[in-house]
Amino acid sequence: METPTHLQERRDASDAAAAEAASAPFVPLVRPQLPAQAPLLVAVLAVAVGALPVVVLGWGPVGGVLVAAVAFLVALPVWSNVVEGPRKATDRLATSLMWSAFAIALVPLVSLLWQVVGNGFPALSGEFFTFSMRNVVGEGGGIYHALVGTLIVTAWAAAISVPVGVMAAIYLVEYGRGSRTARVITFLVDVMTGIPSIVAGLFAYALFVLFFGPGVRMGFGGSVALAVLMVPIVVRSTEEMLKLVPDELREASYALGVAKWRTVTKVVLPTSMAGIVTGVMLAVARVAGETAPLLIIAGDTDSVNFNAFAERMATLPVFIYYSYMQPGIPPEFGRERAWGAALVLIALVMGLNLVARAVGRWFAPKTGR
Amino acid sequence: MAKSIDISDLDIYYGDFLAVQGVNMTIRARSVTAFIGPSGCGKSTFLRSLNRMHEVIPGARVEGKVVVDGQSLYDPGVDPVEVRRQIGMVFQRPNPFPTMSIYENVLAGNRLNSKKMKKAEADDIVERSLRGANLWTEVKDRLSKPGMGLSGGQQQRLCIARAIAVEPQVLLMDEPCSALDPISTAAIEDLIHELKSDYTIVIVTHNMQQAARVSDETGFFNLKATGEPGHLVEFNSTQKMFANPDDPSTEAYISGRFG
Amino acid sequence: MPPTTAPDAPSAAPVVAPTGVRRPGDLVFAGLARAAGLLILVALAGVAIFLTLEGVPAITAPSERIGADNIVVYVWPLLFGTLLAATLAILVAAPLSIALALVISHYAPRRLARPIGYLIDLLAAVPSVVYGLWGIQFLAPKVYPVYQWLVDNLGWLPFFEGPANGRSILTASLVLAIMAMPIITAICREIFAQTPTLHQEAALALGATRWEMIRMTVFPYSRSGMISAVMLGLGRALGETMAVAMVLSATGVITFNLISSVNPSTIAANIALGFPEASGVKVNVLIFSGLVLFVVTFVVNFLARLIAARGAVKGGR
């Protein structure tokens, strides 16, 4: 079906068509195409090419992978260009580049999880979870004080930001819809999501200095800083969820003579509760891993501190930071504890993420999407 | 540059769901063929399978043969991109590219194949296509304005101009007038009459009067029952279809007793 | 859940929101909601005000307490380092993220797209301090041979003068890029997915390949959204603290040498490193630098949101 001259014919065809030729030219729909396994074939060859310097010149695996990737990205489009023409070649190049980007993005994720689990797992023990670092030099000790601190600080942050965030979202959706104030708030909430965490820490410090004098350190200060970071996330997610509640539900409630505030609390909020909870949990997961603000205002200590309103309070992220950067002598033990704590922190944060999504999926009302 | 289309035993699926079953027909070159039928009977799906636009939807596939000019569209070596170039399509709602001017919209398809076109050649294609779509006199002074600034009917004619600018063999139209007012609809119908001397036109329509006005042949699609796949009930010359159809259910539909 | 709560007032109920009758409960609830909304504005203003209050003393502080001739001389190299690191990070992250977003929205089969999205979201969930750990212990030693190669072969370029060191600003930027990537990807993939099917089908029906279709319809449609997303990523990279503080071996110079042990620091990292031990006016100096960072990130985020809002209005469907 493929005539060797059909390309020439095609060019003739378009010329002829321009002159509105009466006779219909033969236009082949079958164009020369690479076989379906072409990418696979090229990939195998590229891997072989990449393995060459590794075997012959003793390069590291990274160099080999790079050579293979480049070989693939060059060979497939060039082959395609010869057989299928430049348009198809560009398309294949684009597709290859997209998937390479995906592969590149996977590298840090996989290696990071690998490192954290590999380095952190040996540190985990009963002692690790139940002891603080009080009077520990060298081996031993644990993260109990930091765990307690993270829970307290995060709990207070949630206690501040959830009511404020949810109420603000209610204002934006139920009361202020379309008003100028609401538009300004929505816009600034968006801008506020971009506040660097360290600035939030400085803000909390600058605020508490006014009351407690210079050098103030306390867990609650950390909560305030985290709340600054958390509120915009809570507002945004709650707002989205409230908007999903169909107006018919509200109208049905009004039509029964229910007051607006009771409509909001008895109809709108319960309907969107799963989504709001998901949003709050994601926000908690996000701030639980924050380090910089806590470094500034909550500080670090080796002892357990249950009082958020006095004295320094250790938290997991800050513990990780100091254990690694100032590991003591000998440094192995401090670094091992840092990785152990990192594993615990990641497990906490990702666990929260997963639970949040599960809540969102399982308890979502049948209305909405 | 018009071609006939032979369809044999065509089954069209969405995933595991059989949407259209066992279609056989021959669409004649240089004529207008209309498909009518109740909503959801698969006439649009069938239309989209004629230029391999159906498979754009994830999971969608086709079994059977569609042969244009001796070449089966669903043969393994066939390039869907080339098929769509040869078999143009106009959609239900006008869809000019919002970021392009009228001029660029008309040339959008041509630009894909030849990046560097001579200005004179490009101008020529634009004028010829817009004249072909009966739009030239209305827009010739504002070719650099965005295509979205036109009225709905003008936008749809712009889309037709864009489709014929690449000189396809066949023009598929999926309810091209359903989003338009009566005056714009009349303009498009006039255009279809003019285009049929050069193109094979296949049109899906909800509007039976429109089918009667513009088409030479008509196919009636229907569902066997709710949940069953759609199928071709009758395919005949439009005159016969509307005067004396072979199938009683065609008559029932055309006389407005259901659908 | 249908609103079957027993109506306690069978009086004539309007279908629209009952604004005419103001019950006390309504007043209180509305007031609380409004107060919460305004509190957010107050908090944002508070951030600016308190930082200014505590930062201003640094302007008049004696030079020996600042550690530089004056506050501008102190902050400028930090600002330079911040901008350099963030820009490098975005140069890496932006193309990668856009490609990733396209994989999710247009390339991956639907069954794969969701898990891929989750994977990228997972990157966003990793705390920054863990990125710091990973950067200093894993990435820095791994990139060292590459840097050595750059010094040996491209050393004539000012960026690669060397001597090679793994804990350089380029390494820090790579970590920042990984951290900015999930944000940019998440926003881009939302916008890409919103590109009207009509336009995409129009392109395909003209005989466009997938890449041509993306260039004809998806990119023009998402341009402002993409710019906004990249700027939000930039904002994240500008303010990111711990990863830089841990990875970077900073000396506070101004240099474009990207792979040596002599690097500019960033504002955020400098605060994190200096604050715990700072006292007296040094605290004010650090807070002042924080104010500068706040202003820079605020402007970047502000512009990003403005561009997004404009785009949303113009691209009206």
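Here the chain labels run A, B and C in written order, and each chain numbers its own residues starting at 1.
The criterion applied here is as follows: a residue touches a chain if its C-beta (ideal position, glycine included) is under 8 Å from a C-beta of that chain, and two chains touch if they have at least 3 such contacts.
Predicted, not measured: the structure shown is a model, and the values here were computed from it.
Asker: Where centres are the averaged C-alpha coordinates, which chain has the largest centre distance to chain A?
Answerer: B
Asker: Once every inter-chain C-beta contact is counted, which two chains account for the most?
Answerer: A-C
Asker: Whole-Å distance, chain A centre to chain C centre, using C-alpha means?
Answerer: One centre to the other, that is 12 Å.
Asker: Quick one: chain A and chain B, Cα centre-to-centre, how many Å?
Answerer: The answer is 45 Å.
Asker: If you average the CA atoms of chain B and of chain C, how many Å lie between those two points?
Answerer: Those two chain centres are 47 Å apart.
Asker: Note the residues in chain A that touch 2 or more other chains, in rising order.
Answerer: 87-88
Asker: Can you pull out the residues of chain B that are in contact with at least two other chains?
Answerer: Residues 81-82, 86, 112 of chain B each touch two or more of the other chains.
Asker: Taking each residue of chain C in turn, which ones touch at least two of the other chains?
Answerer: 209, 212, in rising order.
Asker: Sort out for me which residues of chain B touch chain C in the complex.
Answerer: Per the stated touch rule, the residues are 51, 53, 56, 58-59, 81-82, 84-86, 88-89, 91, 93, 95-100, 108-109, 112, 159, 162-163, 166.
Asker: Please output the residues of chain A touching chain C within their complex, sorted ascending.
Answerer: Where chain A meets chain C, its residues are 60, 62, 87-88, 90-91, 94-95, 97-102, 104-106, 108-109, 111-112, 115-116, 119, 163-168, 170-172, 174-176, 181-182, 184-185, 187-200, 202-203, 205-207, 209-210, 214-215, 228, 231-232, 235, 249-267, 270-271, 285-286, 288-292, 295-296, 299-300, 317, 320-321, 324-325, 335, 338-339, 342, 345-346, 349-350, 353, 365.
Asker: For a test of understanding, state which residues of chain B touch chain A in their complex under the given definition.
Answerer: 1-3, 68-69, 71, 73, 75, 77-79, 81-83, 86, 112-113, 124, 167, 169
Asker: Any idea which chain C residues touch chain A in the complex?
Answerer: Touch residues, chain C against chain A: 1-3, 5, 7-11, 13-18, 23, 25-26, 28-30, 32-41, 43-44, 46-47, 50-51, 53-54, 95-96, 99-100, 102-103, 107, 116, 119-123, 125-134, 136-138, 142, 145-146, 178, 181, 209-212, 214, 232, 235-236, 238-242, 245-246, 268, 271-272, 275-276, 279-280, 283, 286-287, 290, 293-294, 297-298, 300-302, 304-305, 309.
Asker: For the complex, give me every residue of chain A touching chain B.
Answerer: 1, 14, 17-18, 21, 24-31, 33, 87-88
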